[in-house]
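Right, I'll just put the structure down here and ask away after.
For clarity, chains are labelled A, B, C, D and E in written order, and residue numbers in each chain start from 1.
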């Protein structure tokens, strides 16, 4: 059973020059206890999707389609109802722990405020106790909750941020590049922590990152995004060993692996399209080495092969 | 209803008689302290007050005063000769602003007995008793007045009122002084409220916040108020005179012809009409009209004559006389700039004079006229004692002319004035002063312009307002009907 | 070509007046604390380590963009630290730097062509304006920015991140330097662009016969370009040697940790990770003894007391008490 | 190739100017300024009367002959308002020029050199800056006495630290920017760095501060002359005319108070709109700061 | 750094500031072209008297000696003696300061309320009509000279409608036992409601005038900084935790926006004081602003100098206080 599902979801930013189609007609679902990785180049709409789920994008944002959590459609839901879901049902971890915690508030105050919002009857004592418990889980000594976030190191802050997203026991956690701004070693520490916690809390997680290495280690399923579309969705192993979409294939080649003898550097020429006026056909077509006539004319459909979903004419035609 | 509120834009600087030399401070002191002599209400005639009577020695150098025996300060201290000696000596020792009035003439003071006080003069001075009417000679209470410095608190009362509250620049409250020997004031409590400007004062009067507005409404406001029902405007004479000073040592004013041309072209009536809306009077002598020995010695405006004279002096329309006219912007109130404007246009009407208006703040102004920087400038005079001598000596004596920036020197005039000071006979003095005025009009180191008027505005239920020639404003005569 | 001996850089920490008066002693950030290494002509020396370990500082010291606290830097026999200001200015032709953040490294109010040309003007390369312009355009073409005529007149904000970094590279290389410091030159770029630029750097290095100091925190990229690497931790070099040796058999526990922390895209190779606890300590008060001991899984008593020396071991240098 | 590029940019700016509210703001501001500058320059041609001559009865209410009425000396208020633009703008421009002429070079040098020189200068400027501007101007104006130059100097003293601070702070932060370090790595000389790399980067904020200060300077001048510390009468001056007009409002002569006041408000409004717009057009990040 | 040592540092840092201000004031005021002695004595005093007075004021000593006398006196709390009233300037300022304090506090509160709520709500609805109105409001009010606004309010509410008095602090007929000098406080302490309403009536127009003018700047600062804060990640994070929008706006964005605002508050205060000079003059408010103007009119040299020194000290004290408050609000300053 899926915890969260998006169908035909469109999230557009309204700007003076037109709509930026940051998320365009995507279908997505996540099962209970599953970790789904969302990868893609910068600007392809990963954060827009992640934050769009909570509807915390700027008020000018336009939503269409269905986002379902526990049978309720977030797209049509009123602001006050959504507010009650935020934090409570869906937790969020942000990229930059430096800036995501209010610098002039003590950690315990931030926790108390969050708890009080969703459980108005909670006392300060109770809140402290729960804060202590969850902080301990993420490896922070409870007495440090009396400190301010700027007194923490980067890794500690991210731990606190994780604790904060878990304190209300949400069913789904969205982690938007949780390790990008951290050091290599700390990065590994945090990933390990997330893995442990996921098992312990039995929660679902959407892990957004641009680092294929990171998702490969942690995710059960990987969705590759390109210019507002999910162009491939597959099990981690499947994706690594048998990437279907040309973009995925190229992306995999262009990241350095740990094989010391593989000195072949590939890269994807060109750059992602402007989301104001994305290409009419397949959005990857202008950069695709296997592009055919149809690719530039018509948007490909999603097809399923070998248990993975691909949005590419190469495969549609095979089927046809 | 036993309270009357008076509003003013004037300020109290100090309430220590030894340092008090501005109108409004003296005005308060005159209602709070009893002085040696007073003036009869409504006149300039001196009458006894603390001094019951006095004798003058035959050489005119020694005055013996007899002090009344029922005068007390509010704390019960009796006023006697020792207190007078203390006060006079203190004034001269501390050498405050008005001290010269005493120290210039007084040689020494002497206590003869408890109620007899003697003053030795440096030289014969017929107007000496007039000086005693000024607050500088009012005795102070040694118990609360520091001997070696000026007091900065309210004085211990000996007059009709005592000061019950004083918030500087906000209000001062006068209440009946039970210890005063004289008649009880008509109103037990007077509140004097201070305002920043004429408009606020007027508004306060119109809204009934105050009952009386005294001093410094703008002339135009006074004019307006004359037509407001329920409000009465009182007008009276003022001993203040306003004039132009011409520095006779500076070009082109060292030329008597130039001075005459200026005197002939100034338009006194324009000033009086446009700016003072007829609340001032044109003045043609340094001695104000209404004072004995006054004579209109200056010529009336005559542009034709002025042109002729300018021609003789070598000026023409093509080669005009270019002069600077100086004024000071705040010392004489807001109207001063306007006056300079009007003077400029009236001189320029000759077509042969070009005027540049210049101004300087008062302290700079004073410095400028003392060191002879300015050639033609506006100044005003307020007498220290009501005597023609005080309108002539300070101007025409060599030392006086220096201190007023005209640098006029004429030994004959000076000798005449010395004689006038010594003479005890009013007629001979009058004759001498007329002569001096004519000398002045011939040489014109000063051109008298106008004579101020005193004014007071009040609701019509207020009675007892008397604008006196002496400018003493007696709060204790005010009452509400 | 480059010999670095006992290079030290301590940044004094500003004290407030209150602290000066209450005699709080002056403290220093020990950014680089006595490092020595050599780079041979044509070699690429990779400097790796966590954030704050002093990599950038080392790079800036080599170019004398900041004054070293102590130590010597020889560049082809010249002691760079002894050059006078004017000599140094002229000497700068020989060594250049490529910064991490290309946007910040370009003057936003200068057309990129002018920015590249300025170096030529400073060092009087080329005879006329026209000639210099031509050289710039050639260089632009070389870093794959064509048409060069168009790019010459653009402002930095009109370029993408990858293009900007190409400009920065062009600006550095147009002087034909012998030695180039690349300070995380590709770290800020998008995944797909990274490889493009890495390839460009590799090509240019060959073409211009450059010697590189390649600073990075991403061990995985070093394999494409580096011959030798040095691992830095808290201002000290803990391991220096041939790339392959170190990569295949890291000796120092810190190097081991760094290598195992590299995320592995191959899901089957989910290896056992040795991840040290905690984070890099404060460089103001580095731990006594071996600076890595508080995080080291193999820490011994001696590690807490004695600072290990950088010794030769198995064909490389390592500073750890485990190896004698 | 190059020409097209420049014209494109200009086209973009003009486009921005009219499409966005900011552009409109700037445009209106600029129009107001142009209007007053024209008034100031062509005052003799535009003004119906000599501003310092009695031309009508005193305190005539606005009518066909005297559109803004006359003051207590029978002078035409419209003409005085027109001529007043001269004084206001002259003083503002001189003051700002002096302030900028002193503050900018000092700020550049101080920020670039740093060290003790910088610290002392910063301390002095901060001291002046922290002091209430008008009060400082009052004190200096009282000391120097009236006169266009004197008033300008008093105002300039108040605004010099503004330039100094803005420039110095920017320079000292730009100094540590990577591109400056890059220039040094190229081997550029100090003055080259200062002129080619640092100055262009502070220029936009100079322009913005400049136009902002012009508004403030006009306001300060009006304040000074309102207090009687400005230009000597009879020279037409808005602040003075305002305080003069205030004397007669109870005589129902509201026009003496209204028109000079409106003149000040509109011209300051013009400058603020202009600088606000400029601010956003030139430097989208700086606007958040003030 | 502990709060205590922060405060000590801050106070020590103020010393050179005070010194520079004092030097500045001294040299500006000592080059007055008009001779203060002559201004005191007028034209009637003979030369010896002038010399004596000059000696008495110490004006015949070398400038450098005068300077050290002056510095010494300032630190002894002796601001000289007014030549106009012969009272110690310090006493006169003490008399008048409460009026200024009352006015500035009152206007500050008005400005704060307007600026805070209007600014915050405008920031929340960025680019909507409320925000546009806020921007128009702030740009318009900024362009209105405080004295003109004062005069217009006077004209409307004082002269035509006669709702409020146009000057002073207390009606003549209302009596009040003055203890603190802050009349609002005094009337409350005395349970004197007649006086209280009278005082409030007098305070309203000048307070509103100054408050409105300052509010424009305040509003702009609050709005811009709140907009900035609203774009920060921690606001987004707070939103993602389901916090209510009021809490996010006031508890997070505005509160953080105040951190930078506090640091420029010192400057705002200087502005407030400058505005107070003009407001006091327009409304005959017997504070130190109108005192200064009055003294300048009479060229009361020691009083001018004393007042300016007082202003300088006041500014320094305020800036210290603001910095300390800032340290309390923003823990980052402390640590």
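Definition applied: a contact is a pair of C-beta atoms (placed from the backbone, for glycine too) under 8 Å apart; a residue touches a chain by one contact, two chains touch by 3 or more.
Protein identities per chain, from UniProt: A, C = Peptide ABC transporter ATPase; D, E = Peptide ABC transporter permease.
Everything quoted here is computed from the prediction, not taken from an experiment.
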Touching both chain B and chain E, which chains are there? D
Which chain's C-alpha centroid is most distant from that of chain A? B
Out of C-D and B-D, which chain pair has the most contact pairs? C-D
List the centre-to-centre spacing of chain A and chain D in whole Å, with centres computed as mean CA coordinates. 51
Chain A and chain B: spacing of chain centres that average the CA atoms, whole Å: 90
When the centre of a chain is set as the mean of its C-alpha atoms, what distance in Å lies between chain B and chain C? 88
Spell out, as numbers or ranges, the residues of chain A touching 2 or more other chains. none
Would you please write down the residue numbers of chain D that are in contact with two or more other chains? 142, 145, 228, 246, 249-250
Residue list for chain B, restricted to those that touch at least two other chains: 197, 199, 203, 330, 360-361, 364
Under the stated contact criterion, what part of chain D meets chain E in this complex? 21, 123-124, 126-135, 138-140, 142-143, 145, 215, 219, 222-223, 226-229, 239, 242-243, 246, 249-250, 254, 257, 261, 264-266, 268-269, 272-273, 276, 287-290
What residues on chain E touch chain A, complex-wise? 232-234, 236-244, 247, 251-252, 255-256, 259, 329-332, 335
Quick one: in the complex, what on chain A touches chain C? 41-42, 153-156, 183-189, 191-192, 210-214, 216-217, 236-237, 240, 250-252, 254-258, 260, 263, 265-269, 271
In their shared complex, at which residues does chain B touch chain D? 197-199, 202-203, 218, 220-221, 224, 274, 329-330, 334, 337-338, 341-342, 345, 357-361, 364
Footprint of chain B on chain D - complex, ascending: 52-54, 58-59, 72-74, 142, 145-146, 228, 232-234, 244, 246-251
